[in-house]
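Common to both upcoming complexes is chain A, partnered first by chain B, then by chain C.
Now for the complex of A and B:
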């Protein structure tokens, strides 16, 4: 039985606590009385994953068993989540591979020949052939790539179809092949409560024309939080789109959930509560910390990026999206949710080395912002861990470094757009369309491995709620000039950061530290 | 006898300066090195004599320090020019001065600016084909006639130069300065005239996108002239220093880019795609219609060649000091146009490919020679504070040092006041 999450109050006996800071970490002594929010212990993974997959496909929720939906001569499209999840990438075999192999075997048995596999990458960069192979497995890759295993192309106008508008006037423009299929199967990995459900198809297989209706500063500012779908304006939009989509294509979704084991055994201390570290954990910490700090930056990045998570699968549910997703959310909450009494004046967040958009890449300053003020700040239900007008303290070195192939428009966004304004609504109004329709970015998105030109805007909107909510944002250990461009202040130490925060929250602030990774969803009462 | 700065022949000093300023650190310390090692000295020498009655002695009121003067002092100017100079000479060709002799239509004591080109007229020889048609900057006789070799006053042993208390000038070189024009603005007339000339060297179609590399004196005045004499569309300026960016904006730049960001920023502004060679700097497939290279450096010219669209034009306004990879010129079928000094706006002055009708139209609009236009521009443009560092000749090392670091120090033009003690 896994222990539930809990909130630790720091006292004299509390050891220094681990805080992630990019491709590294540190032990930090928090002020007495600080609250530390720990996730539940990792749930046990399903022992026989293949059996669980078979069971899910044969006993779906709200739909006929998959074999009954498969008919000879039908057009079948199988879409799957792209490289942005899970994080870090999971050890092979990837859960997508396992599911795809089962589904394809059933389809073959039923005489379905017209099968297409699509990575639902929306406006993310295309997955490389080797990344696709890693996700779908050698056998599927060899059988389908490249003609029948592709990345979704949100700029391939000939292969998009506009299904009309929702009752809120939102365009629903999606992958034509998927929509015109007799059956669309979606293979999902649900790492956070934000993902899955109505989001899968209406985001993963959409075009800019469709995405702009929910990926914008207004919607993100009013998604409180985007990990709490009932209170998320973004999810309300997804729901409307999914409703419209439901009238056009039959979607059979397969959703999976993971436990909280993001780090391999050599770094298992990162998954543990600090006072429970044994001698081996302490020695591991010292060795890894020292070795990591001594590595040249490029090698350090390579090592972190090649650390694959030994995730256990905690749930596999299939069937109608509207019936499957609540079960998925239940599992996510079981793994991540922890009750917290009240908000604090100061929230502390350690930004780790990975976010959904820097797999095999560089976590540039925009992505650091998106991860810290977007994903991590929004890991709450009900209300943020920091009160309105409070201070967010984030840890990350934030070097001024960008991946020139993956993030070309991010460089211009940083140099040109943020030099003028950091206000999400202002930069959206003036620049979003320019970047979204820039031919060169579109060319790189379609033919190279670049994120779409508009993507940095979305990352900035991701932080819109936090920017609106927080009275001050301080990055500990960050490059001063880079953080300054983003509109954030920097401090060398937590002590300095708290000193700087005095002007906003006084000299004895209440402090909460959201201890993650592993993922922690604070249910703040 | 007069006090004058004199550039003299000294191969050892020339080579030492060139070598020492050739490194990155040396380049940063160019002012210090040139001030101490260049073959320049402050001396008392005989007043230059008037070669004829149509010459006058001039008493400089202010005399600017030009990029070509600095190139001379740090040894970076091309040896190509050596036949067109005579040593020892007194530098200084950006001059506002008072006449000391009576000339027809120009009484003694008149305040004048000087077109420094020593063409057929001043030399007393039959006009060459260029001078006969008002294109004095192309004169073929700059080594002949009644004065020694010298492409301009300030590079000629016989005429003296502005960095002294006296020089001589031919009547045809002089332009009277209106009373309302201050000395600080008048000393800018010569570089403005060069900018006017360079803008007139090419046809700038209405709405054309223009890229200016450099926002020192040449770059800023080229921007000024572009806005005055053309209907150019967006003008993008590559500027190194904060004050240059602010000034470029004030003069009408559409956008101003930092040098390292120029390729990306220009691509954003003009479209096209950014390409990354395996070795060397990135370039655009796309880019501006026309570029003006205003730095005189190889890096500036290389940037211009890489950021102009196929079939576009690069105007070399700054005096070039080293070679660049000309592959873009070939591959993108670019037009490379030189722009030297100024002239009276004869046939072809608007670019050899411009039909005469267009040129005539401009003339009909009342446009005059480059200097006349420059005087008018100097009076009307927002140029206050452009000359904010004035030195006596005795502090010439400080002045040279300041001029080398002008960009960093927030200065546009450093000048001598030779009359100042």
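Now for the complex of A and C:
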């Protein structure tokens, strides 16, 4: 039986605790009395994943079994989550491959010829052929690529269809092939509570015209948090779009959940509570830490990016999205939720080496912001771990590095837009449309492997709630000039950061450290 | 940060084995790790047996006999005993095992394994190794874990005699505690005899907390009883009760002598030596003391105050021989 998550109160017995900081980590002695939020132990994975997939497809929730929905001559589209999840990439076979093989086996037996596979990448960069092959497996790739296994193209006007507006006036513009199919099957990996459900189709297969209604500073500022769908304005918008979509497309969704095993066995100490480290864990820590610090940056990044997660699958449910998603959320909460008593003056977050948008890429300063102030800050239910006006302390070296192929618009966003303002609403009003409609960025998005021109804006909006909520943001160990451009202060050590925070929260603040990864969802009461 | 400072940070708050104490707020969530079973088979090989005999006869017994005055009684009852048997004794000191091993004939000690608490003697490897080498200990689970159940039976099957302390732990105050049923169950299931042993004076000589006998060569008496065998229709509880009665009788021989102890035992006048009883204060006594209260003090079911229990159990043993059975008085 896995142990539940809990809140540690640092006492004199507590050894220095591990904090992630980009492509590295460190031990940090936190002040006595600090609260540290630990996730539940990793749940055991399903032993026979293939049997669980078969069972899910044959006993779906709120729909007929999949074989009954498949007919010869029908138009079938199978969409699947793109490379942005899970994080890090999972060890092969990828769960998408396993599910696709089962679904296609059923479709083949039923004589379905017209099958299209689409990576639901929205405005993310296209997946490369090798990335696609890794996700769907050799057999599927060989049978479908390139004609019938493709990335969704949100700028291909001819292959988009506008289904109308929601009662809030939001456009619902989606992939035409998916909408016009007799059946749309969606294969999802639900790593966090924000994913899946209404988000899958209405975001993954949408265009800018549709996404702009929920990916904006106002909505994100009022999504508290976006990992708590009932309290997330963004999810309310998804729901409205999904309701409209339901009248046009028959969606059979297959949702999966993962356990909390993001690190391979050589780095298993990263998954353990520090006072339970044995000699082997401590030796591994020293060896990995020293080796990692000595590596040239490029090689270090390559090594981190090629560390694949030994995720175990904890749940597979299929059927109607509205009936499947609550079951999925239940599993996510079981794995990640920790009850926390009250907010603190200071929140500490260690920003890891990866976020959804730098797989096989570079985590540039804007992505660091999106990961720390966006994803990690929003890993809560009810209320943030930091009180309104409190201080967020984040760990990341934040080098001024960008991937020129993957993130071209980020470079311009950093150099031009952030030089003028860091206020999400202002830069949205003044610059978003220009970046979103820039022909060059659109060309790179469609033909190269670039994120859409508007994507850095979305990353900035992702942090809008934290920027609004926090009184001060301090990055420990970050490049001073880079952090300064983003509007953040820097400190060399935690002691310095707490000294700087004194002006905002006084000299003896309450401190909470969200110990992640592995993923931890703080349920703050 | 250099390697040395990194290592210093890593080892901060950890002991020399790299173990950290569990923070108080995490104790509730500490993982219950079943300790790995320490292998003791090597301790029962002939070569280790030779080394052990040398240690026991060359070091342990001379030291124990030089630091205490050991008086052995009833060893003649073991003359006719053959095959594996279970030796049971009251337990109040780490001196008990050396005294028993030093007083038993070699034909028993060469093939005797000693049951030792798995959670105490086998929690650290160095302690497990030392006790297994010197005493031929094997781990016994005291708190209901099923992990090691069956090991004692296997040893008996391999013709090893066992020395067990059925109280399960050393006495806190020198007096006896009720027997656990394991030893009796083993005798019943294997159909082997049990040799009762009473130890007197070991608590006074080396109580809990001491790791060397107190100065002055205190007297220690070890008294063997006749081997007893379970009857065909005897239950575990009945046999365990008989075992305890025999140890009680042997315990009382120190004060009553051999014959009187048998008579008192036969008349049902002996109760297990659990220490002095509390003396209830009477209203008359209270008044005579000039106390205002007229309440009657309720006797403490646990017996007299702790200091009185220890006071009695550490009373030096009388060096005089017990009265002979033909005494007129």
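Definition applied: the second predicted complex is superposed on the first by the 525 of 525 C-alpha atoms of A that agree within 3 Å, B and C clash if a C-alpha of one lies under 4 Å from a C-alpha of the other, contacts with A are read in each partner's own complex, and residues count from 1 in each chain.
Keep this in mind: a residue touches a chain if its C-beta (ideal position, glycine included) is under 8 Å from a C-beta of that chain, and two chains touch if they have at least 3 such contacts.
If you're wondering where the values come from, they're calculated on a predicted model, not measured in any experiment.
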item: Contacts of A:8 with chain B and chain C, given as first, second, both or neither; value: second
item: Which of chain B and chain C A:415 touches, first, second, both or neither; value: first
item: Which of chain B and chain C A:439 touches, first, second, both or neither; value: first
item: Partner chain(s) touched by A:218 [first = chain B, second = chain C, both, neither]; value: neither
item: Which of chain B and chain C A:54 touches, first, second, both or neither; value: neither
item: When both partners are placed on the shared chain, which of chain B and chain C touches more of chain A; value: C
item: Complex contact set, residues of chain A against chain C; value: 3-4, 6-16, 26-27, 29, 273-279, 282, 285-286, 289-290
item: Contact set on chain A toward chain B in their complex; value: 404, 408, 411-412, 415-416, 434, 438-440, 443
item: Of chain C, residues touching chain A in the complex; value: 1, 3, 6-7, 9-14, 17-26, 28-29, 31
item: Complex contacts: residues of chain B adjacent to chain A; value: 261, 264-265, 267-268, 271-274, 276
